[in-house]
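Both complexes below contain chain A, partnered by chain B and then by chain C.
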Partner chain A sequence: MTTEAKPRALNRLQSMYALRAEVDKMYEGGVEASEEGRPVAWVMLEGWSNAILNAMGVNTVFPENYSSLCAAQGVATPFLERSEAEGYPTHLCGYARTCVGYSSRMVELDGKIPPEAPAGGMPKPILLVASGEVCDARFKWFQSLGRFFDAPVWTIESPYPGLRERLTEGAHERNVNFLINELKAFVAFLEKLLGKKMDWDALEHTGGGTNEINRWRWEINELRKARPGPMNTRDFWSAVTAALFRGAANPDVITKGFERMYDEVKERVNNGIAGINRPEKYRLSFEGLPPWHSLGFLEQLAERGWNFVIESAYRPPRPITIDLSKYSDPMERYVRRRYRRLEDSLEEDYGPEEAGLIIDEILCDGVSRRMGLRHIRDYQVDGVVLHVLLTCRSTSAGLNLLQHRLLDVLKVPSLVIEGDIIDVSAFNPAEALRNAETFEETMDHYRKVRKELGMPW
Partner chain B sequence: MAYFLGIDIGSATSKGIITEDGSTVSRHLLPSGVNYRLAAQEMVEGLLAKSGVAQEDIACTVATGQGSANVEIADQEVADIRCCARGIFSIFPSVRTVIDVQGQSTQVLRLNGEGQVANFVVSEKCASGSGRFLDIIANVLQIKLEDIGPLSLESKNPVTFTTGCAVFGESEAVSRVSEGVAREDIIAGVHQALAEKISSLVGKVGLEERCAITGGGGLNTGLIKWIERKLGIELLVPPEPQLVTALGAAIMAEEACK
Partner chain C sequence: MAEPSKGLLRAQEIYQDRSQRALELREQGKKIMGYLCIYPVLEMMTALDIVPYRIFGDMREPITRADAYMPSVNCPFLRSCLDLGLKEKYDFLDGIVTSHICDVGSSLSGIWNYTVRTPFSHHIDTPHTLHETSLKQERGLLEDYRKALEDFTGHKMTTENLKKAIRVHNEQRALVRELYELKKPDPPLISGVETIRVIKAIQSIPVDEGNELLRDVISEVKERGDGPQTKSARLLLWGSILDDTALPEMIEGLDANVVMDDTCVGSRPYFNDVEVTGDVIDGLARHYLMDIKCPRTFRTRDYNDVRKDYMKDLEVRFSYLSDYARDWKTNGVILESVRYCDTHGYDVPGLRDYLDNLGIPSIYLEHDYTEGALAPLRTRVQGFLEIIS
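And now, the complex of A and B:
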């Protein structure tokens, strides 16, 4: 007698695979460029620099993403150990430590790519481009990399003010001008380094795709509000790297990939198909960055009927139309296309009335509770997993506050799972699964509480 | 007659209970040692021998605790926090907060009016938040574990530990011994530090009275007093605090058969 194998608990989107493959192509493209003698830069974030570098014919690869790739393929630990041997403490960012270990290994191999490097590896850079966004590790780490390579380090400083500061009079224009000047200085530096002039026409193309990609990503997330949730966070994490770290890829190809993903998710919504092959018992949100080394853990949770229908990180904003007709300077067009006025975004996203309430909250408290909790309410989440990262203050610092607010305001409980983005030794899946079982009882309790209070889910 | 078995294979101690119609027929405790499978086997044999119940008369077995996967006769594995909630609620239905101090971790539970886990928090991956911290310091001071609680209450001047880490705490205790600090003051300092950690866990889930203490920590009269002082409340202590989770497992075994 033969028994039919039970399908895997996660119901993966087929369109995700093509997007994930684009990331592999990006690394292959970097190696190919290096072998052909073309310049390759290591870049922190897609950010503001990638499109400029690509327009000047520089291939880009991303150490932050590459570290997560190493973790996902189970090869990060030797790089972490090497970084520790170099004197970097274990409480530093796991991405940074993996990359430092990788660089140290490259130096040992006279600049060659380590044979154990996944996806073909990152080739030796001619330039290191850091970023001042989000955390100090993002520029201190690249300064450290400067020790390993005979390559200049350039930090793109971009305005990263608090919400209240963004609302102060004239702040937006000052920030736009700061960015334009900062990026023009970067272009001048590149022209000197590469001995060629900037191709401003090319920048229109390389810098133009982001909004269109984000538009599809936003539409996909809107579809994810459906019951059952048509797309699990596992697919989100597999595909999002193609949007965040697209390197020299043609933006049209990535846009098409997300358009296909939209079609597939829509098809699922129309047919009531979930992102898990089990009944959707609980809808959850994943807060923070994922444990890249143990994404299979989501399969075990899906087996229990847990469907992560949304996540806190990298949610694209609602697309808005920006009139660029009055701007002729290509750098200004590039900046204004992506750097939005907070008031405009809020009004478009929430409508004038709620946007006004949010602005009041921000002016009063510096933050907005409505904004922070919106995805929990919109996606009718039963519970939230807070992935507290021992080595990332930026993503972990506010989680305790969030936990209290979720419970106080929305009566939605949270499960704290300690771990790390890269370091597998900080994660205990057995303990997390034991606590997950108990958390189901907690989610059941708060379902009753919400019902008693007349809340919509 | 149907009997129900609850087995809690903890990191330090294994506990088991056989119940019949909600009443305890027999109970058994033994050190878990390094072989949980063997501990589970000995637990079953011990319980059956004490009760005179035949294994075939056990209608359902629920296993819980760190080593629950090693209980071969288990019909079901259930998370220890859920079992603890069921166990304490059967003893004290008025309890809404539970402090469960185990060998490997401390967990604080909030219960709803039906004895379900409304919220919970587990101490971080650090021995200083668990009973293991007391074990380590008792070893340094060469005091029996059962004596450290009463001894801590004799202190007039508890030592303030400068570290929140059990490993560094051990070396700090050694330093204090070499400085001639009284043992009761060192051990009181450890209790105070543990009570502070537990208090912060209670703060995370929010204290709602009545509050009970379970696990091995419930046997430590000193720790109970230090927590009571810190929280400004009186703790409920069940008659056999270490057995509460096993009792909850037996109750869940009975529920599974209904």
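And now, the complex of A and C:
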């Protein structure tokens, strides 16, 4: 008698592999550029600078991603140890500390790429582009790399106002102008550094490309609302790096990759195929950054019928149709394409009535209970995993509050899993799995509660 | 009736029971505005007759309520502030003003609004860089802040009142600097522990009362004969929030005097005046964005310069500390930070490079904002003192 091997619990998308391979190409491209004497910059992910740098002919590599790659391949620890030996406190962001160790190793090798570096490594930069967006680490870390490289550091500023303050009369236009002028100052700096002029037509292509990629990503996520969920977060994370860290790759190639992914997901929806090869018992959302080094854990959860149908990190922005014809300045076009009025985004996301309620909440309390929970409702999520990270303050600070809001507003329970983006030892898979088992009862309970309240799932 | 206490005794009383005066003033109908860290512009509060009241944590009180709303991997000082808020210790506040001091500080404003729910709140998204665009942005943000305070009080903030407020706050800055002059002699006339008490006290009462207190302290300190003794080490203390005397108490219990500091419950908010400019808000924007030297801001030699010169860069960022070391004749620097403070943490290696280059010995201490955490640090400080003396 022959026994058929049970398929793996996660049902991977084929289209994901080609996209994932693009990230390797980004690193290869960086090394190649450096060998050919072309400029390479180390860049923080923030969505503004990459297209500008590429339009100026600068290759970009992303230390945040590179550190997670080191963690995933199990080579981060010696870099972390080096960072500690350099006097960096150990509570700092794991990505940053890996990068510090890597940089210090480069200095030891006289600027050469360490032979143990995975994916060909990151070459020595001519410029470090830091960011004031998301967290303090992303500008303080690059500033502190001054002790290893003679590359200048430019910090891209962007507004990060409170919700009520964002609604203040005139605030939106001021923020738009702030961004436009800030990015123009960055371009002026680049022109001086590179000794050449900005190619504004190229920016239309590289910047427009980002929008196109995001549009496909958005459409894919729309498909993920189906039951059973056709795409597990594992594939989202594997593919998303190609969009976020595409470096100098031709945006059209990445767009094509996501278009293929859309077709594959659509096919699954049409045929009722899930992102897991087990009956979908629970639909979940993953909030916080992924545990890059322990993604195999999702396989064990999928085995129990847990399908992560959506996630919070790196969710694509809703595509916007905006009449740009009245803006002739290319930088203004670039900024207005992406930076939205809060009122407009809310109205598109929630419809006029609910958006009005949210705005009232914000004006009255400075915060909104319901805002940011739309995906939980749309994807009919049974439970949420909150990934609290030992060394990432920004993505962890609001998670406990989120736990309360999810329960208050949507009667959806959540499970806190502690871990880290780099440090494997901060994550205890056995304990997490035990907690997951008990969490199933909680999810069952709240299913009943929602039903009693007449909620749609 | 007993004479009200004055000078150092009064400072100590306020330090031990900070809210007493604020509660009295509230009874008299004054509005009390809580603020977090040193970036909310106090002059605008004073111009509208609002009493600024700095929000602190309490390292002697265990955090029990805040865990439910902010994970323990975040700045324990901010978690302690939230904890006190949740325990209704800040219920007498009419409002709270926060600013973008650090990410978690920004997140706290939302969490506070959700949980503590102080009636008025405003957040100033202070930019990170000194780019020209940032200065313009800060100016715009201060216009919004002014408008928010006017709506809150129902009064217009006149230029005259704002100028008056700047003058009285500048007077406070000058008095604090005068107080720090008294730390230059050997032995210093006032200890590090007493200094924290005084600064914390003036950040808990109206500015004019604070100025009166400072004047009393200065004359008392000049005249008294029982100040600190000469010790082998004269130290400069740099770092993140230090709103309790426990750490300087431990250091000064050894063979050292803390004669100068660069912390925000110390000299940091007071060492530059606000310039009274034609357009008053310009001067305030410049001061609060550019003059205050805190690691939360990205400072560089010349942001338009495409060349990099690490040592020159460090010079621009930290030379004021070498001035302090020279003028206050310190022979060592203690760098301290609460755990999980990123803005200060990233500056530690660079600052130590800078100090090493000048031949100034330094040590880095990290603590989790509890009294108990300081005990093990004692041995390290002792070892450091042995080396430098």
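We take it that the second predicted complex is superposed on the first by the 454 of 457 C-alpha atoms of A that agree within 3 Å, B and C clash if a C-alpha of one lies under 4 Å from a C-alpha of the other, contacts with A are read in each partner's own complex, and residues count from 1 in each chain.
By our rule, a residue touches a chain if its C-beta (ideal position, glycine included) is under 8 Å from a C-beta of that chain, and two chains touch if they have at least 3 such contacts.
Predicted model, so just to flag it, every value in this text is computed and none were measured.
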First (chain B), second (chain C), both or neither touched by A:428: first
Touching partner for A:193 - first (chain B), second (chain C), both, neither: second
Which superposed partner A:157 touches (first chain B, second chain C, both, neither): second
Touched partner set for A:413, first chain B, second chain C, both or neither: first
Touched partner set for A:171, first chain B, second chain C, both or neither: second
First (chain B), second (chain C), both or neither touched by A:438: first
Partner chain in contact with A:318 - chain B first, chain C second, else both or neither: neither
First (chain B), second (chain C), both or neither touched by A:340: neither
When both partners are placed on the shared chain, which of chain B and chain C touches more of chain A: C
Chain B/chain C common contact set on chain A: 400
Contacting residues of chain A [partner chain B, same complex]: 400, 407, 413, 416, 418, 426, 428, 431, 434-435, 437-439, 441-442, 444-446
Chain C - residues contacting chain A, complex: 67-71, 73-75, 98, 100, 102-104, 106-111, 113-115, 117, 121-125, 127-129, 131-134, 136-137, 140-141, 144, 147-148, 295-296, 298, 300, 303-310, 313-314, 337, 339-340, 342-343, 345-350, 352-353, 364, 366
Of chain A, residues touching chain C in the complex: 86-89, 91-93, 96, 130, 132, 134-137, 139-141, 143-144, 146-147, 149-155, 157, 159-165, 168, 170-171, 174, 178, 181-182, 185, 188-189, 192-193, 365-367, 369, 388-394, 396-401, 404-405
Touching residues (chain side chain B, partner chain A) in the complex: 78-82, 85, 112, 116-122, 124-125, 204
